[in-house]
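Working notes for the structure below.
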Amino acid sequence: MKQIKSAVLGCTGLVGQQFIRMLDKHPFFNVAAVYASDVSAGRKYEDVVKWRVPGVAPEYVRKMIVEKLNLDSILNAGIKIVFSALPADVAGEIESQLRANNRYVFSNASAHRMNEDIPILIPEVNRDHLNLVSRQASRFGGFIVTNSNCSTAGLALALKPILRYGIKLVTVATYQAISGAGLNGLTAMDISGNIIPYIGGEEEKMETELQKILSEYDGKNLERFDVPMTVSCCRVPVRVGHLESVAVHLRDKVEIQELINTWSTFQGLPQKLGLPSAPEYPLLVSEETDRPQPGLDCYAGCPERARGMTVTIGRIRQKGNILVFVLLVNNIIRGAAGTSILNAELAVREKLISGTDIEADAMKQGGVD
Amino acid sequence: MKQIKSAVLGCTGLVGQQFIRMLDKHPFFNVAAVYASDVSAGRKYEDVVKWRVPGVAPEYVRKMIVEKLNLDSILNAGIKIVFSALPADVAGEIESQLRANNRYVFSNASAHRMNEDIPILIPEVNRDHLNLVSRQASRFGGFIVTNSNCSTAGLALALKPILRYGIKLVTVATYQAISGAGLNGLTAMDISGNIIPYIGGEEEKMETELQKILSEYDGKNLERFDVPMTVSCCRVPVRVGHLESVAVHLRDKVEIQELINTWSTFQGLPQKLGLPSAPEYPLLVSEETDRPQPGLDCYAGCPERARGMTVTIGRIRQKGNILVFVLLVNNIIRGAAGTSILNAELAVREKLISGTDIEADAMKQGGVD
Amino acid sequence: MKQIKSAVLGCTGLVGQQFIRMLDKHPFFNVAAVYASDVSAGRKYEDVVKWRVPGVAPEYVRKMIVEKLNLDSILNAGIKIVFSALPADVAGEIESQLRANNRYVFSNASAHRMNEDIPILIPEVNRDHLNLVSRQASRFGGFIVTNSNCSTAGLALALKPILRYGIKLVTVATYQAISGAGLNGLTAMDISGNIIPYIGGEEEKMETELQKILSEYDGKNLERFDVPMTVSCCRVPVRVGHLESVAVHLRDKVEIQELINTWSTFQGLPQKLGLPSAPEYPLLVSEETDRPQPGLDCYAGCPERARGMTVTIGRIRQKGNILVFVLLVNNIIRGAAGTSILNAELAVREKLISGTDIEADAMKQGGVD
Amino acid sequence: MKQIKSAVLGCTGLVGQQFIRMLDKHPFFNVAAVYASDVSAGRKYEDVVKWRVPGVAPEYVRKMIVEKLNLDSILNAGIKIVFSALPADVAGEIESQLRANNRYVFSNASAHRMNEDIPILIPEVNRDHLNLVSRQASRFGGFIVTNSNCSTAGLALALKPILRYGIKLVTVATYQAISGAGLNGLTAMDISGNIIPYIGGEEEKMETELQKILSEYDGKNLERFDVPMTVSCCRVPVRVGHLESVAVHLRDKVEIQELINTWSTFQGLPQKLGLPSAPEYPLLVSEETDRPQPGLDCYAGCPERARGMTVTIGRIRQKGNILVFVLLVNNIIRGAAGTSILNAELAVREKLISGTDIEADAMKQGGVD
């Protein structure tokens, strides 16, 4: 086996679990070590994890001893790529240290997202933001690539192909699953049979992250995409899948059929390169009257490895120049671990991960040229 | 006892149950008979009802024999006021017949809502629409007064006091409880742990009904309130309480504190008259960061008889001239049975119910003048 | 006002909230102060409580400053009766100290339940165990009376009237609501759409507490009721109401109609004395095929003040000498705060609360003489 | 392709969907046609099905036109094996007619379960009952093999290996998922956040079916297994997975470790033959304190094709000779479609399906020879 040695930081949480699940038998990466906070460290993974993602933890990870989160330990383990599912307050420092030690960090944490050298990358949307990493690499040795907040990921993917019609205003109301708050983020008494119309920091994140993601890269910096938005976030008693009700004021009135075509045929670099975790199409338009539904559409996407990477759009309507629709994004896969892995796959293919003469091989395993 | 003899049509459904609950010991009305479809008719109420509203059915109704829905039977029973919780397809004809026979119908059904002689009445919002009934009375003997769709009721109440700031556009996304679909409207497999982003006819109803409710009465007709709206309705796994995420483009930017004051102090004729089911304030502004919540705020309103009649508004924010907020309406009380009863109370106080020399007395029981 | 000055310890939790709700306008007791841990102390009750019981917190309590849990503070406040909803590990010491200072503690905590001088009291079941308190009073000045674990309360009430038929074996499987774990006892990810077939310590408590409760008081000590039991406890995604599926091996085969009569007519001392929180009948037999259901039967019991104090029994069947049935107990009311209050009411009526020459009056308010 | 031409009757229901899912790429069988009631017939499968089982319907079935349920149509289609997920009232006649026309019916319907010539087959438990089919075949040409009620399947598997310890009494309380009632069996208002302590006919079925399944085949007839049972069935708000709380009076006291070994190592003929849908072990003992849980353990079993075929046992305790434990069975897979398919696989391997000289080949595909 010649995959790149990788580690998962924050391995017991939901996103950490999803990393481990999606990295199982991955053609580019293997999970060489898993890290968590002191509570879990030193014990077998299977003894500390409350596994809540589909299927079961891979046997080899189940038997791993969870390592204590610690720079030296990661460096000594010969890890090259780090997938971070750490809480924001812990992630900031350790991710910077890893970068300073020639490691490549693909992070789901929000700590570094708004740093101007660090992209919030969704490869189908803003692949050229990956150029920012060379700046980091030359300065620090390694680099950090973040992926966005879970709700932002779905919205950015849906908006990207319709930027051409001129977006004047975006109004969003979200219906976010409890898994978005992590394993322990919500008590049962709070949310069972209830809605909580507030998610701390989420509305701000959706706005600032979206504006950064949709910015144009002018060859050196990001030129801020500036469009008014109003966002209202609610937590709903659903386990997985964030639904978003979106109204977009467009410059032009567009035929609905054209919108459907634009969305359904949308592809980006990951599709062209055939990256292992790239869905055939990142957007799926459902023409059923009552879709998407989290319970039915959360794992859209093919091939198998890309299930959950496709955002489903439905209920497309128009009122003058206002386009109204609903989208569904799998918050743990496309909105978290899946996009991080896709970002790492792209970085490998773009030869941004130095010191690995194993890529060619790994990439062949990925089925690409 | 001198209350006006009343009947509940569609007595076994959720709204029918709520009528029965709210009419218990009512100072103006008593439940003299209950009517339902053939399936239930002829059996004791307690043997056919699946009681799903708070508390238990009043003893005297539990023992009533459910009558078969039939014009003659209602006329012969000496019923003067009819509260209708019938399905729309059944309601149309029988309600018209009752009107033609000098009966006063307060209906939760949608059948007659858009008829130009028939008001969709929310007394705090459009009390002068009650003038339309004299036209009906002179032509038919009786009259029909409808109340709006459940989601519309909450929205109309929230928008009424801010009309003064000039409403340019309304964007709404709803989070509607399963009880809105009635006792049998949704299967458990469809909605448990899921969201359905579609409710048949609801979006159209919200738009057309709202425009009618907010119309100005020019002394003879309604002058249509014409404001662009986009509405997106979703069903969520919550039992009672419709939440709505609202963005309103205002002509003027208004201070948030002024909005809070405007909403919190809003009162209408029912409050002035001290109608039995009128809440002290029809709107309550919550300044908590994470309210309103269906599980916590669904029964807002006092006194006791008016619990569930107050709409709670929260999460008030502004973005330029765009006002963003969340509202919660009890779909079965303020959005259905409660407003119907309030409408009937108002009609009694306005002396629109002829042939009853008992009002004075009843009204004294209501504690007014 | 001449009610006895009382305090609620652990006022922000679910049981604490229920105490406050049930003590509102109570004829015997008033809430003179509320106590909680350091996190909440010093702030207004309405600012720290997440109110999750029906209705809203009484206005006067909403405005109270939560006191820090501390012996001196309670003593100085002139509190005579203490309702304790503290966690077991905190309750042990402070409850003992209060007893040593002539205070009367009615506790929902498990800390002292198995102490041989302290009764686990359910007045309809084992009123004579109240005799144990004189032993305490003479030794300590005050006394502690506990009420049982929530599931035990329902089971003890159901078994008491059929002891006469000779109980040989009791097999119980429970379906316990999430509120039984308190406000923060379960995460949403753990229990939403799931069952957890284990509740720490619960099975042991049900067995040992039941045996103590059903013991005979021989005038001095309790003579242990010794019957084999197997108990299996599960948590289910229901908010309030513990259901129990029970099989009882009886010495004799009994006619089902006789069982129904025995249960339905069962009354105890609280009913005879007309204690304010005593339900007319502590047991209700439902003969519907599919009852009791937590969603429908959780608040059984009348009058109003006693809602939730009646245990509902249903699905009575027999197989030879094995009696099979289902029972439902409101875990927060009959299983916790309600029984504590009933215990205190009984102690007042039995004149076990010394130094109050106000009882006569208070009792008249309770409508008893 | 040389698989045996098969059809799924009742293809739009939950069990029908699971049949289609599990038969996809099956080495022995292919789905040549799908049948449903008149409502769905004549339309594309993807247009009529509300797909609620994991993953998506196989592309080739999505495009199939649903056939009207009709004997001639099935006969003319050259179908040899029929998987029936019909409602009991429809299944009785058509299944008999198919048998009379040399077809082999593997049925999930209850219609024929208690017929003395027709086995209720769970191959790991009562493989020799398959002998009954020769009697049918000689009389009718074809045969019917049923599988048990969903809850019975789990219980029978758990009891089989411990029959050796002498079972004197079985007490069961179930926690059954809503999917057990089919797609439309329960309304959301009935079960959301609630428990219904009654499932029509279920308790009787569990008892009579279990006694038949555990009967001994004496070479000609079944000798009834006669053990007293009490069963209490409840519906809980969980989507998939029936939990059962079981107490078994054993003749002998057995060491818990011996029980664990007995259960964990239990295998039957399907395991020996390596049938495609046979799990490596039909029983899995979890030694965690709080397992099995429907949300975590519902899809236990390997290899991939056998996921959901393993019953998980946990919380093993003893009280004298009474053994107490909890089991979890996937009601749609092991409790329905999966066992039907396993039965058909066994029939093929036992050469009971005449006129197919393709078995050898198919079986090789199954990896056995």
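First chain written, first letter: the chains are A, B, C and D, and each begins at residue 1.
The working rule: a residue touches a chain if its C-beta (ideal position, glycine included) is under 8 Å from a C-beta of that chain, and two chains touch if they have at least 3 such contacts.
Every value quoted in this text rests on a predicted model; they were computed, and no experiment measured them.
Engineer: When the contacting C-beta pairs are counted for B-C and for A-B, which pair yields the higher total?
Structural biologist: Result of the comparison of B-C and A-B: A-B.
Engineer: Averaging over Cα atoms per chain, report the distance between subunit B and subunit C in Å.
Structural biologist: One centre to the other, that is 39 Å.
Engineer: Could you grab the centroid distance between subunit A and subunit C? Build each centroid from C-alpha atoms only and quote it in angstrom.
Structural biologist: 49
Engineer: Taking each chain's centre as its mean C-alpha position, how far apart are subunit A and subunit B in Å?
Structural biologist: That gives a centre separation of 44 Å.
Engineer: For subunit B, what residues touch not just one other chain but two or more?
Structural biologist: 52, 192-193, 237, 239, 295-296
Engineer: Draw the chains as points, connect those that touch, then say whether the picture is a line, ring, star, complete or other.
Structural biologist: complete
Engineer: Enumerate the contact residues on subunit C facing subunit D in the complex.
Structural biologist: Against subunit D, the touching part of subunit C is residues 171, 173, 175, 193-198, 228-230, 232, 234, 236-239, 243, 245, 247, 289-296, 314-315, 317, 319-320, 322, 324, 326.
Engineer: Taking the touch rule as given, give the residues of subunit C at its contact with subunit A in the complex, in rising order.
Structural biologist: 14, 50, 52, 178-179, 181-193, 237, 239
Engineer: Given the complex with subunit A, which residues does subunit D contribute to the contact?
Structural biologist: Touching subunit A: residues 51-52, 55, 192-193, 295-296, 299 of subunit D.
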